[in-house]
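These are the structures, in structure tokens.
Shared chain: chain A. Partners: chain B in the first complex, chain C in the second.
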Partner chain A sequence: MKTFQYLTTAAAIAIASSLAAQETPKSGGTLNAVIQPEPPGLMLGLIQNGPTQMVAGQIYESLLRYDKNLDPMPSLAKEWTKSEDGLTYTFTLQDDVVWHDGAPFTSADVVFSVDVFLRETHARLRASLVHVESIEAPDDKTVVFTLKQPFGPFLGIFEAGTMPMIPKHIYEGTDYANNPANNTPIGTGPFKFEQWERGSYIHLVKNEDYYMEGKPYLDEIYYQVIPDAASRSVAFETGQVDLLPGGSVENFDIPRLTAMDNVCFTNDGWEFFGPHSWMWMNMHEGPMMDKNLRKAVMHAMDREFARDALWNGNGTVAKGPVSSVTRFHEPNTPDISFDPEKAREYLAQSDYDGETLQILPLPYGETWQRWAEAVRQNLSEVGINSELVATDVAGWNQRTGDWDFDLAFTYLYQYGDPALGVARTYVSSNIAKGSPWNNVSGYVNDEVDSLFAEAAVQASDEARQELYTEVQNIVVDDVPVAWMLELQFPTIYRCDLKNPVSTAIGVNDGMRDAWLDRE
Partner chain B sequence: MLGFIAARLVKAVFILLAILVLNFVLIHAAPGDPAAVMAGEAGAADEKFLQDLRERFGLDQPFTVQLWNYMKGAIQLDLGFSYRQQMPVAELIWDRLPATLLLTATAFVISIVIGVAAGVLAAQTQGTWWDTLISSLALLFYATPLFWVALMASLLFSVVLGWLPGFGYQTIGANYTGIDRVLDIGKHLILPATTLGLFFTAIYMRMTRASMLEVSRLDFVKTARAKGLRNSVIQRRHVLRNALLPVITLAGLQAGQIVGGAVLTETVFAWPGIGRLMFEAISQRDYNVILGVFFISAAMVLLFNLITDILYGIVDPRIRLTK
Partner chain C sequence: MRAFWSRFRQNRGAVIGLIILAIVIICAIAAPFLFPRSPWSMVQRPFLPPFEMDGLPLGTDALGRDVLSGLFHGARVSLLVGLVSTVVALAIGIPIGALAGYYGGLVDDALMRFTEFFQTIPSFALAIVLLAIFQPTLAYVILAIAIVSWPPVARLVRGEVLSLRNREFVEAATLSGQSNLRIILRQVLPNALPPIIVLASLMVATAILLESSLSFLGLGDPNVMSWGYMIGAARTVLRTAWWLSFIPGIAILLTVLALNLIGEGLNDALNPRLRKRTS
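And now, the complex of A and B:
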């Protein structure tokens, strides 16, 4: 007989309620937020880009939410249990949940969403679902996931952008991509889709039938599309918008905006994503195949300077492949700090003969361009020649995917667990030309492959920590990429907007609990 | 005249087809795969995801097949489907057209009215401080980069003075109707339309002034003076009418751009028009949208060139279009 282990985190609930108790939320009001770029669509099961998640995260929900320590909290599932052998997870759904069109939300919707719809459409979730043997609904309120083998990060894949619940009664048996309902998304979330004036704004209104009494507090939200970063700053300064999600404005505008009266900001709300930046080092061919040169590059970079000068001090200097906000981070990996002397020593031991390295900056705005220039200067100071190659986003994708670079900036999300967002960058089975999101460097280390594989399927966290510590030490010593910063993207908002960030995905699902302290 | 127009129209169709083919080839020659851009926005992608996207949009077909399919559609005025916006291109362009027409047509009117009037004034007051002021302003407007003017205008009139809204084309959430809506849009239109109009205003000023001065020195004007005509009649009937020919040429060129939108102005002021649609489509390699906008713009340039030629004949009877 299986022994069930109760996982609902009382601590998280206690923290949430104590925060809520500090001030009594007021109902009503209109929130104006910035959205950029304009999302291609709002059907979260089909499209998972950043802006879509930010808007559709208020329309769609999943079974769980996550606090800032990445511990699961109830969402559409009110409680959940895990069997002792780590193979069976049983979720009990909330009562009285209805879709925005009034149909009841049941366990059949969960089975359809995960086993049928998302298995077909969601590339990132599909990679995790290979561990799932079956998904069953013994009754309307219960869903049972049975795994083929234990999968450590399993409870971390129930976030809205990863596993949004899709209405079975609307999508079953249809051509998902061309279903007309994609234009008027139907979810269970706290806000309902009202109108989208393309190029201008997206309008969401309060879901009056939301299953949580009294929530959401806001009456409506306008997501305004403002394509130019300077104009987004102006929109905030002139009071036309109240919320700038992380990354909305250029870094050099942040100190000016946050110094304004009645303006607050927070770096929280990115814990689930853990955006981690690095430079790919091309190990398929060319000078970066030389480990000593890779180490020289690593030690040549003054990352503290980049953080302070280019990112306004926001961010943490990365110590290796796993971000400090991601589970199983190992803080005592081999030293990769800024040390020009050491860089010169490694350079002397390398076969580098003065060739010019091609650096591909990330074409995401001014900060990234300046960062590449700073790296180029750092490299030249220790005797490494380099030049910047200008591209736009499409060109960057192509050159990176085709391994046409020596060093290429990037950043990727870690999704809270090394098995979900870290291993993909370093395992050799994930080397394939044509994609800029796999093991682009071309790093091959059999030991690393087997450690990552083993760590993912351990039932206990202790066993996983041991294996991840080992693999982090090996990878840092091999330097297959040049780690830069654990990025932080401050969310800037008027101080009378309360509680816009209350989970590990921040404003993506935060509007459920946000409220305006205005008359 | 009719024969001339028919011949020009037939020629225009062939030019349009050539433009379509050329645009198609050029865009596909640029590095970047639309499926990879879309997958990149999703944050992760496996081979199946990329393959599904390519199949869905026909990107896995050989280049010639893609070109043939596109041309077949374009001839029937089917501009294809936008990969990223998940909508038919014609619908997207149609949605954005009113905003663009409003902005560019207003800028067109502003630049012609102010530009020609100031040019005439400068010519008539040649050598005075009026002339110097107008010529200096023209030079300033001509030389200043548009994006800088746009940002400064936004900063001054929106942030510092708070007189005008700095972005968008309506107050979002206000749900105005009737005259209030017209006034609201008008208020939002002032900054972008003026900014966009400045460059052409400068050109019209300089061109009208130079042309007026040139015509004033011609013999028929001297004859008119010798006949004892009033100066205002000479200026209006003899000088201005003849001086307008180059201005019409320029107006034809500017009018051709009206439908293409204004990339910089629309981006800085978050004006939901076609220029911005094209700018975003280029960065996302949304081929069909780019081609669709180019197609419409090219058609408009051809159309306005034709109109300009016809106008020449009306303004200057010496130019005959019947041959």
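And now, the complex of A and C:
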């Protein structure tokens, strides 16, 4: 049945893409999309939260884009080479690229963006830049990155939200956070910022001087700010908006919306993020320090039921720390599937004696609340007592960061590579009270630490795969967190909006190639 | 007592209310015997409509939980919250009202300004704020409801005590040298009881509604199956599975209606003169 589903999906995709290839894109038209929540700002070099990336990804670009297999594609760099020893990467930039204000885009902008601006403002990129020895621009069209040692995921950090290109002529020598230009972002992208009516909409217009002939196809994009989830569904139903990015409507509305005429949806476009959900298990103190109890919890959860009942069947039951859409995923890790018998056996071997475990649901709405209820029930059926702790977002952040829980729901992005988005959850150097995003469980395993460290700096993918396979096997056996689902956030759109999702970050940079089949 | 019952019986609505309430109480008592499994157990496929499967006459909710079981177990929570929070509210309101009414003067002023302070804040908003500050456990839900519902009790008792304390029997008690506390407890309050009982029966109804509203908004105890929770959880699927909100909604409606009818009957039975005048 499962195979059949995959086959039909694959067939559907094949048909859809061949259809898309046959049609010639039409130029013109206005796209109305939902943006949720309203972004705090659009200066992608300073702010990288979800909605900012979704809008600013049309304004700013990076050197590369990624296809759905996370293989790099040209963007501002038209070609790139990697030296034999894996230490030198040379990028050649596109010709005739200009900033939205008319100034030419050159290699000096790249050096400024990466080495000066983002090194100061972008924490996630900074963590990767420690491997970089120097960034040089031998001429206007060439940029050379020299690394201290090979860094496996290096070609994976040139995504728009990770390394957006910042105009040097506007920002050099200024106070970045307070530069007035932050309100009127200037990038190289296919769309220019036009107007932002706070609380209402963000208006982007076509960049007539875009370096790709004929692109973009759309004349303008309105990102509508609609704070209430039910109103967003209604706005789509009434035709006020034609594009609902993943996560912008509640799960239970999705079947109704996708059943409408002329409505298409896709689960693609999240491969780079690979949202992976799990429950932290508090290994700092309390009952979850017991590995047998952790295994009992893991086997007690009916994750397929949760996916079908709460996520409309969207998503994949996680097999371990690395999502199946992330590179170096190992499919043959130790079994952690739903098995109440096994759970009871592990429970009998554990020191658990009836304590009530505190479960912290993620305060992101109905689905997560119901999910926590289902888990509590799953646990009670194998003999583990638990109760839900009600919190709001601030309370969740605080309790999680302060390790004040036994089990706590969360989900995090993987950014395509274990070194970028997975290791941070399991290495002991990343244990620090106060943050809900680091190694919150408090998992300490020296072998895991050294394997993750080694795997990141291997030159060849084969060597990395070997180390990552080993580390995945160890981590799954230790169950420092209870993996739940690889989440999917379907993008829902009117079928006459063509090709809105063509890359691994989906609608975040997809509007360059999208077009409307309307008169 | 017999006279009371015969007067109560004359109000047909009150009798119906009493029957409904009795049924709800029986459901609450019978819940653990009829449905020994937790009402949170996921027993069948989600969204099973009512009357489709034997053994699940009211179907299942979004997680495949038995709606009938939830209804029975929810009755326990609703009644518990209604009764306990009313008792707590009376325990706060009666002493304040009695002291204010009996002593008058500065004491009265101070206590009534304090009461008005609570009355000026919309009670539902105050309950939400209290629960946002506390952890939303069942005990705190009850406490929050009690805190927002005692002021009318205090005002009612004060009024009754004010009118009673100048009566001859109170003066006689004073002359006979009884202490103030003894007079309040033995002479004044027993005579003020009838309107308090009527008010209390209505307060139980209001408390059940308040608890349901709070759970509906997701501010109830997440570990307790209550009617308000059932409606709140089903609200989002109103368009596809309306009966999930409708069934517990009917349960709340009937229970609250029953309590109001009983309150009416009590009023008739305890104030016979009033009844003759109005009917």
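Convention: the second predicted complex is superposed on the first by the 498 of 519 C-alpha atoms of A that agree within 3 Å, B and C clash if a C-alpha of one lies under 4 Å from a C-alpha of the other, contacts with A are read in each partner's own complex, and residues count from 1 in each chain.
The rule is simple: contacts are C-beta pairs under 8 Å (C-beta built on N, C-alpha and C of every residue); 3 or more make two chains touch, one makes a residue touch a chain.
As the structure is a prediction and not an experimental result, all values here were calculated from the model.
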Joint occupancy of chain A by chain B and chain C, clash or fit: fit
Partner chain(s) touched by A:P40 [first = chain B, second = chain C, both, neither]: first
Between chain B and chain C, more extensive residue contact with chain A: B
First (chain B), second (chain C), both or neither touched by A:F252: second
From chain A, separation angle of chain B and chain C (C-alpha centres, steps of 10 degrees): 40
Touched partner set for A:V144, first chain B, second chain C, both or neither: neither
Touching partner for A:A390 - first (chain B), second (chain C), both, neither: second
First (chain B), second (chain C), both or neither touched by A:E373: second
First, second, both or neither for A:V205, with chain B first and chain C second: neither
A:Y413 touches, of chain B and chain C: first, second, both or neither? first
Distance in angstrom between the closest Cα atoms of chain C and chain B, superposition on A: 8
Touching both chain B and chain C, residues of chain A: 392
Touching residues on chain A, where the partner in the complex is chain C: 250, 252, 256, 305, 309-310, 361, 366, 369-370, 372-374, 376-377, 380-381, 387-390, 392
Parts of chain B lying in touch with chain A, wherever the complex brings them together: 30-34, 36-50, 56, 84-86, 92, 95-96, 99, 151, 154-155, 158-159, 162, 165-170, 172-173, 267-270, 272-273, 276-277, 279-280, 282-285
Residue numbers on chain C that touch chain A, as the complex places them: 38, 40-42, 46, 62-64, 132, 135-136, 218-219, 221-223, 233, 236-237, 239-240
Residue numbers on chain A that touch chain B, as the complex places them: 30, 32, 37-38, 40-41, 47-50, 123-124, 126-127, 177, 182, 197-201, 203, 220, 222, 224-228, 230-231, 234-235, 237-238, 240, 391-395, 397-399, 401, 412-413, 424, 432, 434-437
